[in-house]
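Shared between the two complexes below is chain A, which pairs with chain B and chain C, respectively.
Right after this comes the complex of A and B.
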């Protein structure tokens, strides 16, 4: 198995390198909305002194960390997989004795992510120079403590996106469903605003959903803003959701593949 | 008159193409309503934490959202679908057929695809603007409404001209598939008044990719912050940018030589 992954990595890494010019445009595209939210909240915090106790610097550090965490926990399965179901190229992958979604697609996604992070690093440094965040509250222990949360966030997001992508076996409108999923992330993961500024209702719902592991929870852990019991609670919710996501994914995938019949068959 | 007739014909053709995908339309309309709800929720979250954003109140932000959605609708119904078609036609050489028509190629490239289902968004945008202006409690005078309309049109023309220049670059660099990405990316900045952004970003969205000219500036006109000379200046800017864009388009077109030659 390690040999298979090693070879898959070589292939997918080389494949992703072909698209480096597109990649820079993609990164620029993806950067804009967090930067807009950063600007909006920083301007409010500056005008009012603070927003419910959060200073301008808190918002700047929040979003600067978000840029990295979001890169780490997000995925592009819908773009690299859904079309294969629709045009029938999946057939070739189904013959192989490895799970298409959990091996080659996974490795392709990780290769994409790695390259993204390499491209993002210099841009991120420029943004740090422009916005001048003070990372006083960030500690080594916070970063270490956030790593499992980021991993868990990535895995849950991967399985949920994978489940939605697998709906391509039933419907061609899978992209619209994914757009809805993306809106949920925007709302409950803490991208638009750090969750503690959301209305109470949304905060309470968000606490029981997996989305906060994609951004809010790791960022807050890195910033050392969470008490131990909140971290523990976040991890327990995450582990439970991971189990649920894994079960749902396996079920939907199994039923989907049964339905699959390639174009021309 | 001639161009109106052409547009209405192209519109009919696009309606015929669109009714084949009714279910898609329904899904898109639902998603669109979801995003509108999301935007309003976003604004109410912002204003539950502050009274003003960049000096503007809640009502003004609603009006700005309306103006933003007008620009957004223009992009969704015309600009993005036609960009896709144009890039494709440069790659496979089907641009030949567009040039052979006895009509301005720039006109055809602008209007040949119309995303019909998005046009209803214009109504929604106008409703938002009316609600926003009422909430803001500004007495919009006939003059300020006239200024607003003029500024909205000028802004739209400026963005349109920029788009023409961007896609005309494809004549020089055939593989330039990302010709409009920067416009797509920065468009979202139009949701908020330009004054909330840091200076370097303000410069970008005002002068380089002038989204603010099409969003913030019209609402400033509505708020009577701009005098008649300034309004006229923006109209002149729009006319000049349209002229420059057409010249650039013609120059680019000369470089086009089909896909196989």
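Right after this comes the complex of A and C.
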């Protein structure tokens, strides 16, 4: 098994480098939205002294950490995979003795992510010099404690995106369904606004959804802003969602492949 | 010993959406789609023993590729059963996928952006081929297909023929017991075709693999297969020795002549004139195989002939003709 991943890594890593110009454009595009939120909230907090107790620095550190956490927990499965179903190139992969989505696509996504992080690092440093965040509340233990949450967030997001991408077996409109999923993430993962500023109702809903593990929960753990019971609760919610996402993914995938092979691969 | 491939009453019907052109029809089809049933394969049965090399023939659209896709597991049939190496192909069991290969003549085993060498190493990992076995197989493939000069170029920069060689090699690295080959020599020049044939024959001899292949080239089939299966419009039309087939349906040759002056001669006196789009300079006639010598010598003495060729009719024509007549 590790041999497969090692080779897949070599191949995908080499492939990513072929598209480095694309990648830089992608990063710049992706940066726009969090930086706008950062700028907007920071200026509101500066003007008012604070927003519901959050200072300008709280917003800056929140969004600076978000840039990295979002990069770590997000994925590009829809772009790697959906078209293969539609143009039939998936056929070649289906008759190989490995799971296309859980091996080659996964490694492809991780290779993309790694290169992204390399490109992002200097940009991030420039942004730190520009916005001058004070990372006082960030501790090593907070960072260590957030790592499992980030991993869990990545896996859940991967399986849910994978499930949505698998809808390509039935419909050509997967891209718009995925856009909707992305909108849910913006709202419930705490990208528009840190979740604690949301109305009580939405906060309560968000607590039981998987999306907070994609950004809000790890960021708050890193910043040391969550009490232990909230962290425990977040982890339990995450593990349950992981189990659910895995089950749903397997089911949708299996039925999707059946359908693909029924209509003419 | 039970046969390696058993196919019973295998059928595949595609539901194809259809609509007229134009805006009105587009709107109507948005609300109510109409489908047409296309019977690609109808109740086909045959079985193939271990080590056999069988040519699978039929005109375009006869259902050859559909059958190969079902046998390799890519397609669910709408009816019937198939068993290959003890597996039901479309269950896509890992052990089955590890022991067969499907070469479709398109890019599907090689990654477009990287050199074939890297795709080969990936295949080694995917199929869990031990290092020494991999080296041995690669060496054999390299001897027969001369892969070495192609290995380091990105696949997108290879010619069609070069890519085909690499595709076939990539599909055989794991030494499959069953090979489904769809047009394995398409796009190759004559010597390339011959090399692939020789290679497949040798592979079959060494490994005892079972091979089912489709081809447009009669030479592929005559060189490799003792047995052929013909399907036409989704139905099995012939299953048996190749010798019997040529006696039964292909006792014809094509004579092509290039004349010094093209008008004024009536070639239909010598045989049935036929069109050949690939070679418009020559005039072709179809003649019974037994009459070829007689007719050629008559033509040579009667006509101002620049050039003359005697060839087998294309396999598709033979089959098409045999079943339309």
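The rule we apply is simple: the second predicted complex is superposed on the first by the 260 of 265 C-alpha atoms of A that agree within 3 Å, B and C clash if a C-alpha of one lies under 4 Å from a C-alpha of the other, contacts with A are read in each partner's own complex, and residues count from 1 in each chain.
Basically, contacts are C-beta pairs under 8 Å (C-beta built on N, C-alpha and C of every residue); 3 or more make two chains touch, one makes a residue touch a chain.
Being a predicted model, the structure only gives us computed values, none of them experimental.
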| item | value |
| --- | --- |
| Which superposed partner A:7 touches (first chain B, second chain C, both, neither) | second |
| First (chain B), second (chain C), both or neither touched by A:92 | second |
| First, second, both or neither for A:39, with chain B first and chain C second | first |
| Touched partner set for A:118, first chain B, second chain C, both or neither | neither |
| Touching partner for A:261 - first (chain B), second (chain C), both, neither | second |
| Chain B versus chain C as contact partner of A:247, first or second or both or neither | neither |
| Intersection of chain A interface sets (partners chain B, chain C) | none |
| Complex contact set, residues of chain B against chain A | 23-24, 27-28, 31, 34-35, 38, 41-42, 45-46, 48-50, 52-54, 177-178, 181-182, 184-186, 188-189, 191-192, 195-198, 200-201 |
| Of all residues in chain A, those that touch chain C in their complex | 3-4, 6-8, 10-11, 14-15, 18, 89, 91-98, 257-258, 261-265 |
| Of chain A, residues touching chain B in the complex | 21-22, 25, 28-29, 31-33, 35-36, 39-40, 43-44, 47-48, 51-52, 130-131, 173, 176, 179-180, 183, 186-187, 192-193, 197-199 |
| Residue numbers on chain C that touch chain A, as the complex places them | 14-15, 69, 72-76, 90, 92, 94-95, 97-98, 102, 104, 106-109, 111, 113-114, 118-119, 121-122, 124-128 |
